[in-house]
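You will see subunit A twice below: alongside subunit B first, and alongside subunit C after that.
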Partner chain A sequence: MAGRSGRTISTDRKRYTKGFFSSWEFVLVILFVAINIFCKIISQNYTAANVLREMPKYLSEMFLLFPMAYILLLGDIDISVGATVCLSATVSCFASNAGFPIGAVVLIGLLTGLACGMLNGLILTVFTELPAMIVTLSTMIIYRGIAEIILGSGGSVSLNDVSGFSALAGMVGLFPYLFFLVLILGVVFTIVSAKTPFGRSLYAIGSNRSAAFYSGIKVQRVRFIVFSITGAMAGLCAVFLTSTLFGANTTTGNGFEMDAIAMAVFGGISAVGGKGRLAGGIISAFIIICLRIGLGEINMNPQVILIILGILLISAVLAPNISTKIKEKKQVLARK
Partner chain B sequence: MNEQTPEKKKSLWNCITASREVSLLLVLIVLCALIGIRSPEFLTISNIGEILKNNAVIMIMALGMLCVLLTGGIDISITSTLAFAGMTVGMLFKYKLIQSTGLGFLIAAAIGAMCGAIIGAAIAYGGVASIIAAMGGMYIFRGLAYLVANSQWAGADALGSFTNFALSSNLGFGVINNVIVITILCYVIFFIVLKWTKFGRSIYAIGSNRTAAAISGIHVARVEFLVYVIMGLLAGFCGALSVTIYSSAQPNMVLGKEMDVIAACVIGGVSMSGGSGTVGGALLGALILSVIAKALPLVGIDAIAQNTVKGVIILAVVILNVVTKRMMDRSNLERRKL
Partner chain C sequence: MKRFLSVFLSVGMVASVLAGCSGNAAATNASGAAESSNAATSAVAGASATGKTFAIVTKSAGNPYNEKEAEGFQQVIEQQGGTCIVKHPEAATADAQVSMIQSLISQKVDSISIAANDENALQASLQQAMKAGIKVSCFDSKTNKNSRQVFVNQAGTKEIGQALMDAVYDISGGSGDWAILSATSQATNQNAWIAAMKTVMKGSKYSKLNLVEVAYGDDEPQKSTDQTQALLSKYPNLKVLCSPTTVGISAAAKVLQDKKSKVKLTGLGLPSEMAAYIGTDADHSCPYMFLWNPVELGQLSAYTSIALVNGTLTGMTGDTFDAGNMDNSPYKVVDAADGGTEIILGAPFKFDSSNIDEWKNVY
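Take a look at the complex of A and B:
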């Protein structure tokens, strides 16, 4: 029930039944086209080649979007992902400097992230009374704190040998490897959430946790898996981030959790759980990335981009709510 | 007589575990005593005053956060609001547009209230989830702070007489520092409002059961809106306050400290799902957090490990909370069996 209903523009179910054209995703596609036209107008340099060259910087954040969407669907939240990225990036940088081959370094980064995610999941499933917000808040402080300890007084580390990580940042023609990986993962995550029992149980848990429990869904196991996946994806994000930054410091991954949540919510995934589709989140992520690149091309102050993002985020949730309210009022008036 | 002794012990133990504030107070006293034994200079009056002054901003904002958490919401935009208000005041002083200290605080509080009103309207009247609205506000206000700053900052010389406020103690009759007086004042006001006024009780009512509150005639949306306005007002006020305390205004002021404010509330026993929590708890939570932060270097924990220790302590406190609650529930059940 709740799973099928992504955010729809119209509440008038008779005329628009499940039509793509009335869906939030359609609005996002239009917005995406509009943003691209807008960027093209304001900047001469907004070309496909330039956009694709700039993209890897932002694309790695999308690894966080997919699992974050799952977590939001569950009705939970994870604000420790940015800190997990920081810790994983730090550990993999040190592993690379210690002379491990790139394959092992990637594995170490992934496992570090996985361990962080599993710890979150373990605490949340053993002490189910605790809200995810406060647990991930404290683990956020802990993970970043551990990274600070590892980094030492200098607060940063840079790679001695960048050849391995440069290979990760390679391109196929115009497209970076990262782009394909994000696309593949995006498709996998979308299909899993829409078509598999596991994916549907996310919606069930998010809509009504006790109902899901009594209908035989292993709620805590699903939560544990999702939080562990989130950690692993944060590790993946860290590895690719390192391949563009060639190092890590105490501020690596700062605010990533907020960006991931913003992308998901802007894509129509409800922050209270059970509603939304991953496709919307992916489109909205590309909207935000294109906007950032476009405004970056004309050397717009990054703070203005922050303000625009904030306004977009609030209005994306506000606009449908207000239109629903107005329609309800009209219906009431009409009945009178 | 012999039979009564265990009974009495049990009641004392119950008294400690039943009241969150009493157990927190005990933790605070034990903590202070332990640190005091380790390093005697910790318990001097000047040191305690210094701790209170340096954490006044967190302590005051914990009051607003308490109200927000009581309604079942959350506000992570507060430090951005603080930076925006503080930066604006700093710039106004820098360019000699205002001179009086009172006006500085007034403007900062007004800006904060306005920021709070924007978020509050979106949450209370627009039906936006509080975390989302607050996140948007966090981006917007921090961005505005940078825009106002325009890659400048205001130092002690630019702020002039404004910095004197945090140094003098004319409000405290020459004995207590102004900042501490204001903190105490805020706590007294909030204690009274939350305990004995209609508005205060309706905040609790909304957090406990929103539908019941609405049916019993409370204007849920209006109260919720006002809560965020109050939070913004306090954050704005703290913007001016932190400018005087640290005698500098920078756009990246207190970045990330909203987590400290939430942590102070949670340690103080404020429920994240709304409806339970007290002013005393928030105060003790904030005090414990600030004592720990101050004490770690004194007991020889490296400055670099402080964040980790802080995180572990927060996590331990929340988990301990759950464990004691479970134990209490179990013992209550057993008593019923007998």
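Take a look at the complex of A and C:
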């Protein structure tokens, strides 16, 4: 059995319960509860119904978190996802306006995303020496450029018939459909990364790509699959985003790549690869969403909200570093 | 254990930041109230807003024009005893506005007045708001007719197109190349004015004028500066540049004046930002320009919201309502070109060297 993949890899197996209570995920769960209590105190409108109604726009961004976590585990990065969302949303809107039924429109959106992701994967696996940052930066510009050409001079398209997309934005009781889809996909992505050979190979590649290669892992095939999945998930994000915006424009998906990376890193996934768990990313996504909604409800200046999220993020990255430093110092003192 | 400690420390830090912010917010609210009581204008009988909450959502933070509109809005609401919520989105996108609308629905406000970043993208959220009993009106930049009850228009689109075309005709001497420097390519108000100018230009009087390009500076000073320089080098025979956006016109004015260019400028600009560039001699780049009063637009929006909430206004064509001591009060709801309804503030106002000094301190 492969070693547990916490923030540190150790050979001795700790007891499960002890492992959980000292894990970053446990800290995040506490933080999540604390944030919810905090929001409840500051805003009387912070109710389940309101939070769930405000949530869909943020939830669709979570589709990007799952594959982005995989990419970060690989030690890669993909900053073209926001542009892929823009292009997929644009193409789906035009497909819908051309009279395709909603099922076909969703498929077209997904395929557009998949194509973008496959192109990223193809370039990165054929020319393996190219850094993912630069390649996806280029494709980001290209995808957005194509979207802007399709959108034309007005720079914006809106749905002629919104019935199909409205149905996608439907609810079961208080819960939007989207909520369940995010939950299911979250569980699938988490289990795949933690329990399957494919998932474990992500950690192996991220820890040491050459070692992974020489131990028989098809490194480039794994990378190609992950980048392709990322594209398809960006397509899914675009479809649900369209169901809340009823259209697309040149600013659609702006900054989504950074939001996804922030959620993953806050969740304890290392940006240099090989460390962290998706479960942490999912909890941290909900922390960020709840905090945004809560602070929005007391009409805090959105720029201040951004600053708070930034502080939270850097604290989360610093926390384990500081604790190791303190530990080291103690060890040095103990030796004296 | 150390990890817990550091997390709790960071939570504490965030909490203190929050406390600091909410303190500041309270302080700004208080100063806002003081300002509005200083600006003593008579309260209107029957238009009281006591106990109601009115929200205004602008296009983005850091837009002085939007801030003036919000100021006028807040003044009137607070004068009438209502509670005013001003929301500036973090970016000039429809996305950011959707989150704000959702948040306002949760807060059960009585009305939302919004300057839309996209004509159609807000439809789902604004319809949700209307279903929840919130009165929705737009100002400055409209949404589609299904997403609003009424639009408070700064000036008729036709009037602006006519005024700007006449300015281009006059400044160019009736013939030659001219260009437009706009904001973003999807800004609904910009596109409507440009379309109106193109319609006016079809008249035989303007046949010798040649529109070479519509450039987009995205309402960013640097990009607008770059676009102006690009236009100058691309079209050496350019005579007039028309920029119907406050950010674009001030960036272009600086470029033209610094270069001592022969190209002249007109458009829509803020007097306080443009005062240094307005004049008829060779040292100044802009002979004259137009604008309406954003503070008044905000005030009219506020009166519209109050009338909608009180039920004296439904947003149907032919409705009239009282707008305090504003110039054209009472205002009348008319049909808009998109099939919805609108309220027009008035014709654009001309700023030239004779009056700029008195206006530059106003806004």
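One rule holds for everything that comes next: the second predicted complex is superposed on the first by the 321 of 336 C-alpha atoms of A that agree within 3 Å, B and C clash if a C-alpha of one lies under 4 Å from a C-alpha of the other, contacts with A are read in each partner's own complex, and residues count from 1 in each chain.
Rule of thumb we're sticking to: a contact is a pair of C-beta atoms (placed from the backbone, for glycine too) under 8 Å apart; a residue touches a chain by one contact, two chains touch by 3 or more.
Because the structure is a prediction, the values reported are computed rather than measured.
S.K.: Per the overlay, which chain contacts more subunit A residues, subunit B or subunit C?
M.R.: C
S.K.: Contacts for A:K57 in the overlay, against subunit B (first) and subunit C (second): which applies, first, second, both or neither?
M.R.: second
S.K.: Which partner does A:L306 reach: the first (subunit B), the second (subunit C), both, or neither?
M.R.: both
S.K.: Once the structures are superposed on A, label A:L318 by its partner contacts, choosing first (subunit B), second (subunit C), both or neither.
M.R.: Both: A:L318 reaches subunit B and subunit C.
S.K.: Mind working out whether A:S210 is in touch with subunit B, subunit C, both or neither, as first, second, both or neither?
M.R.: In the superposition, A:S210 touches no partner, neither subunit B nor subunit C.
S.K.: What is the contact status of A:S153 with respect to subunit B (first) and subunit C (second): first, second, both, or neither?
M.R.: Once the two structures are laid over each other on A, A:S153 reaches both partners.
S.K.: Which partner does A:S163 reach: the first (subunit B), the second (subunit C), both, or neither?
M.R.: The answer is neither, since A:S163 touches no partner chain.
S.K.: In the overlaid three-chain picture, which partner chain does A:M140 touch, first (subunit B) or second (subunit C), both, or neither?
M.R.: It touches subunit B, and subunit C stays clear.
S.K.: Touching subunit B in one complex and subunit C in the other: list those residues of subunit A.
M.R.: Shared contact residues on subunit A: 153, 301, 303-307, 311, 318, 322.
S.K.: Would you tell me which residues of subunit B are touching subunit A in their complex?
M.R.: Counting only subunit B, the residues touching subunit A are 74, 122, 126-129, 131-133, 135-140, 142-144, 146-147, 259, 262-263, 266, 272-273, 304-312, 314-315, 318-319, 322, 325.
S.K.: Inside the complex, what are the residues of subunit A that reach subunit C?
M.R.: Residues of subunit A touching subunit C: 22, 24, 27, 30-31, 34, 38, 42, 45-47, 50, 53-54, 57-58, 153-156, 158-159, 162, 166, 169, 243-247, 249-252, 254-255, 292-293, 295-308, 311-312, 315-316, 318-320, 322-323, 326-327.
S.K.: Considering the complex alone, what residue numbers of subunit C touch subunit A?
M.R.: For this pair, the touching residues of subunit C are 2-7, 10-11, 13-15, 17-18, 21-22, 25, 61, 85, 87-96, 98-100, 102-103, 105-108, 117-121, 123-125, 128, 144, 184-186, 191.
S.K.: Under the stated contact criterion, what part of subunit A meets subunit B in this complex?
M.R.: Contact set of subunit A toward subunit B: 77, 123, 127, 129-131, 133-135, 137-142, 144-146, 148-149, 152-153, 258, 261-262, 265, 270-272, 301, 303-307, 309-311, 313-314, 317-318, 321-322, 325.
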